[in-house]
Amino acid sequence: MNSFGHKFKISLFGESHGNMVGVVIDGTPAGIPLKEEDLLPDLQRRRSGAKGTTPRKEDDTPVIQSGIYNGFTTGALICISFLNNNTISKDYKSLEQTPRPGHADFAVSSKYNHFNDPRGGGHTSGRLTLGIVAAGVIAKKIISPINISANILSIGGANPWEDLLDKAIQEGDSLGGLIECKGTNMPVGLGEPFFNSIESLISHIIFSVPATKGIEFGDGFRAASMKGSEHNDPIISKDGKTAKNSNGGINGGISNGNDLIFRVAIKPTSSISKPQQSINLQTGNVEEMKIAGRHDSCIALRIPVIIEAAAAIAIADLTL
Amino acid sequence: MNSFGHKFKISLFGESHGNMVGVVIDGTPAGIPLKEEDLLPDLQRRRSGAKGTTPRKEDDTPVIQSGIYNGFTTGALICISFLNNNTISKDYKSLEQTPRPGHADFAVSSKYNHFNDPRGGGHTSGRLTLGIVAAGVIAKKIISPINISANILSIGGANPWEDLLDKAIQEGDSLGGLIECKGTNMPVGLGEPFFNSIESLISHIIFSVPATKGIEFGDGFRAASMKGSEHNDPIISKDGKTAKNSNGGINGGISNGNDLIFRVAIKPTSSISKPQQSINLQTGNVEEMKIAGRHDSCIALRIPVIIEAAAAIAIADLTL
Amino acid sequence: MNSFGHKFKISLFGESHGNMVGVVIDGTPAGIPLKEEDLLPDLQRRRSGAKGTTPRKEDDTPVIQSGIYNGFTTGALICISFLNNNTISKDYKSLEQTPRPGHADFAVSSKYNHFNDPRGGGHTSGRLTLGIVAAGVIAKKIISPINISANILSIGGANPWEDLLDKAIQEGDSLGGLIECKGTNMPVGLGEPFFNSIESLISHIIFSVPATKGIEFGDGFRAASMKGSEHNDPIISKDGKTAKNSNGGINGGISNGNDLIFRVAIKPTSSISKPQQSINLQTGNVEEMKIAGRHDSCIALRIPVIIEAAAAIAIADLTL
Amino acid sequence: MNSFGHKFKISLFGESHGNMVGVVIDGTPAGIPLKEEDLLPDLQRRRSGAKGTTPRKEDDTPVIQSGIYNGFTTGALICISFLNNNTISKDYKSLEQTPRPGHADFAVSSKYNHFNDPRGGGHTSGRLTLGIVAAGVIAKKIISPINISANILSIGGANPWEDLLDKAIQEGDSLGGLIECKGTNMPVGLGEPFFNSIESLISHIIFSVPATKGIEFGDGFRAASMKGSEHNDPIISKDGKTAKNSNGGINGGISNGNDLIFRVAIKPTSSISKPQQSINLQTGNVEEMKIAGRHDSCIALRIPVIIEAAAAIAIADLTL
């Protein structure tokens, strides 16, 4: 089903070109100070506008429709909505006819027998992540003093990526990126051995973030090539601190008191203006297609705050 | 909570040195042929005995305690148990005093205020994966003709790994490994956009398999370094087949009709006989410790069948 | 948590005097024809205005914010909202000081440490049942040809209740009522033996309808006084029809092909203009209080359509 | 699905004439003293042997297979099993041919396409309630100092029921019964307004107890015939105590600090030795049938402890 969490539970609703998108949040304790302005900084970080992101601008103005009273959460469900303003009508039927490579067009329209809303990606649009970011702000308040922060490690495989990005923009191409997320002030004991390990919950929600292709904790994929004597990590203090934090703050699915560390691989934006090939489902021929419109050249640039939010939501679910 | 799945739901119970370990499975349709012998081939694949695996042998004999009648599933809960026979009593108090690096000892005993069963890893023992493998056999029947198979790609970073493994055994060290899992005959349309993408469910359960450090789908972490024009993947047939399967059979969280492809990083076994360092929680001093006993030098060798089972369980949950 | 259902899942949000109330519905299959007008007949049945119901009128205009496209459900979450228009501001602090007998004032403000929204009952207001009725319309479409209909059996214990009702209105008093709900065209085999019997799911959601005090199926409480030879019910046809339908269409928690029959006891509206007594939490004295404002003299009159909706939702959850 | 609870979750497995029946319990905090003997007093109360109950005796010896260590719960899943010893093989095919009135035979075999285990009621047998009683003992420890106790109010409609019971036994008939359950030391604030009211959770699990036909809280069905001025209940102390406890300790689905009071209607045992009529599914004729074997004349006599356990489980789920 389309919700995440047991104790701090969120559901996303809406479509890219419908009335609104939003999130319903269940499980927020009463008495947490919350007003709409609290949501703005993280929503701003997710917005487009910087180089490599789409020129299309949305208001992204959150309205808290329920669950707050006099500036505090009430303990009832919180519904936060975002009106869709900046939608441009076009002929989405062509997408059903010639599904875009790398997009969910084909899989979604098959799954829903063509009853899905295809406009702008419909319910599978990245615009739905507004709700994740908004819920993340609340989650961050809940899990405090745990602090979650995510940053870009590389774009297109490069550490300083300005030049690569300029080139991709010029060429109508796009770039993937690698994001690292760190949680500090982690307590010992979050997570369940089977089946709600911290890694299980975090990866579950992270793989709901569009464009995610991989996740690794601590030494991650490097550990597959290591010897035990290299990877193993001496415990050096009574509160569980280790020498190298090889396991990214988790043992046996349970937080061990070290920083939470994980990395997420984001694929290059599927929509590029370079010509691509895809099948015309009516003719059965593979045709060249060009995707017009306003796109992010590097969607990874906008994703760190979404990763933060997702991680905070997973941890809030384990904390409550 | 300690269960996985919505429609095909499993819970693991038991401790390594208690009476038994087992699995309770909810959601199996009535009328599937099932007898205990059906479980044996996959259980055998999980067993130790080959080079690089522990010399300790367990019977691993499954008993189906409920949910079958006259050789068919009844639709009621299936409980499968495995007696623990080959347990060796020793002084586990030392583990609480000097927790083993890389193990869950410290995190678990902190989480449960020292009420956990520490013998042989207790409830967090790899022995609990017997239940995953057993449930996986049933899941494989449910999802047929989808076929899941997992294989080792490398051990210790090497493709032919005999020599590395011999050396690690001699040195009392251990090795990590990389496993690839493939699903064939995949239908289009499995998975939910938010929050139950195929990747979400598979990663959720895979990160319950002890020693897992990372997971990636299709191009995975490589995609973070790619350009869109490299990663993008032309759709070349009316049933959704693509040229390169860059996305591992999934777009927008939903199966696209191509093979499911994912890889899992397994860390080297934490228990090595080489001397290591850890804190003595009573004295507060970091001490040298040696872990005696019978251990796998490369636990990854036993894990492919567990990965298969976990993937089959996730897909069964989406299929029903 | 504040949602109902596994496969057809609903969550209610909003407060009586907040921006809006609404419902989020997960699990509706794609391709069901749905437009806002479809919701109006049942919403109209729930409205006030008839004798014995509150003179306060709300628009109760539903807006489907998501999950439909071109007049059909898309398979994505459906969010339906209702603006709150006709709210009258008053001093709700007195309710926290002198909680109204029979109301949730005391329990709710204790539970949420006084952070709840007290205006008009806040999140516990009967106004939230708008969302149940709206979801019920969709559920009725899903479960067709099963048909659910609920009617009033008695008000204040009387079968023709005109006179009793007139008297209660004059006296500033209120009346309880008894409602019977019937489901026809029931298939055999809905429901699970433990713990999701039809009775379990129906009673679970029915007891979320404010003012419900009891529920019974088939012979119900009369069965407690019967002999087996009286209550037992011969099966008289190959499709499971019985002579008397003593069990209200259910055996062992599973539908048996006869009509579903259950009755619900609704208590008299707690808000009456007759003087009552309650504690003043500040002074500690029991004081006489009079509840002013616009109230239903018999809320039971508005509840049959809510009972229908709730039953349809429970059955949709078992049907999908 | 076949489990109950969010935070204290139980699943029942097994069949009446299979290897064993049992319960798996998830969510028990670590550190609760628990040994098998603790379960015996409540299991003894559920046993047969008294007048009006079946002469068939089972050992009902519980074995705690997991989740305890050194006499305390560990926080891991608790599996408790009961071997089936006293099973008598007979020809159950006749039950599929001529289903017993009032039993689940017809509904269950239709639901599961005849793959269900029909021996002794299979998975729908009252024997499965052993697991509810065992889980209830643990729940009672969790919710302490809340105390739950259930008693019989009447049998066959009579308050002193000796004579009625003797007569029913002589005539090969059976009797229904009415049970009242009371919870004392209730805190204020348990329960959720939508959809997990206390009544919702309690009724959900109570209707999983075989033979239950109705449930009412506080004034219950009487409230449907009352005036508000009769039913309403002055709050008379600062901690929420009311004059009459008309609402059985609950307002708006939330505990109000008064005793929890509810009553449950139990139908007469369906298996009676008096001749009854049912359809022969092969011939299509309605035939007279006599049910041989060992039966309870009044199953209600054994049910109070099951009601207690069920209520304690629901409250534990809300308490944790």
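Which chain is which? They are A, B, C and D, in the order written, and residues in each are numbered from 1.
Throughout what follows, contacts are C-beta pairs under 8 Å (C-beta built on N, C-alpha and C of every residue); 3 or more make two chains touch, one makes a residue touch a chain.
None of the values given here were measured: they were computed from a predicted structure.
Q: Determine the set of chains touching chain C that also touch chain D.
A: Common contact partners of chain C and chain D, which must touch each of the two, are A, B.
Q: In terms of touching chains, how many steps apart are chain A and chain C, taking the shortest path?
A: The distance in steps between these two chains is 1.
Q: Compute the centre of every chain as the mean of its C-alpha atoms, then state which one is farthest from the centre of chain C.
A: Relative to chain C, the chain whose C-alpha centre sits farthest away is B.
Q: How far, in degrees, do you have to turn chain A to put its CA atoms on top of chain B, rounded to the nearest 5?
A: 180
Q: For chain A and chain B, let me know how many angstrom lie between their CA-based centres, rounded off.
A: Taking the average C-alpha coordinate of chain A and of chain B, the gap between them is 25 Å.
Q: Please tell me the distance, in whole Å, between the geometric centres of chain B and chain C computed from their C-alpha atoms.
A: Once rounded, the distance between the two centres reads 45 Å.
Q: From the mean C-alpha coordinate of chain B to that of chain D, what's the distance rounded to whole Å?
A: Between these chains, centre-to-centre, one finds 38 Å.
Q: Using the touch rule from the top of the page, what residues of chain D touch 2 or more other chains?
A: 1-3, 6, 12, 76, 111, 123, 193
Q: Taking the complex as given, what residues does chain D use to touch chain B?
A: Within the complex, chain D touches chain B at residues 1-3, 6-7, 9, 11-15, 18-22, 24, 26-27, 30-31, 63, 65-67, 69, 72-79, 81, 111-113, 115-117, 122-123.
Q: Along chain D, where are the residues that touch chain A in the complex?
A: Those in contact with chain A are residues 6, 76, 193.
Q: Over in the complex, which chain C residues touch chain D? Could you list them?
A: Chain C reaches chain D through residues 1-4, 6, 11-12, 99, 101-108, 110-111, 123-124, 128, 154, 156-157, 168, 171, 173-178, 188-189, 192-197, 199-201, 203-208, 210, 212-238, 240, 242-243, 246-247, 250-257, 265-272, 274, 276-279, 281, 284, 286, 300.
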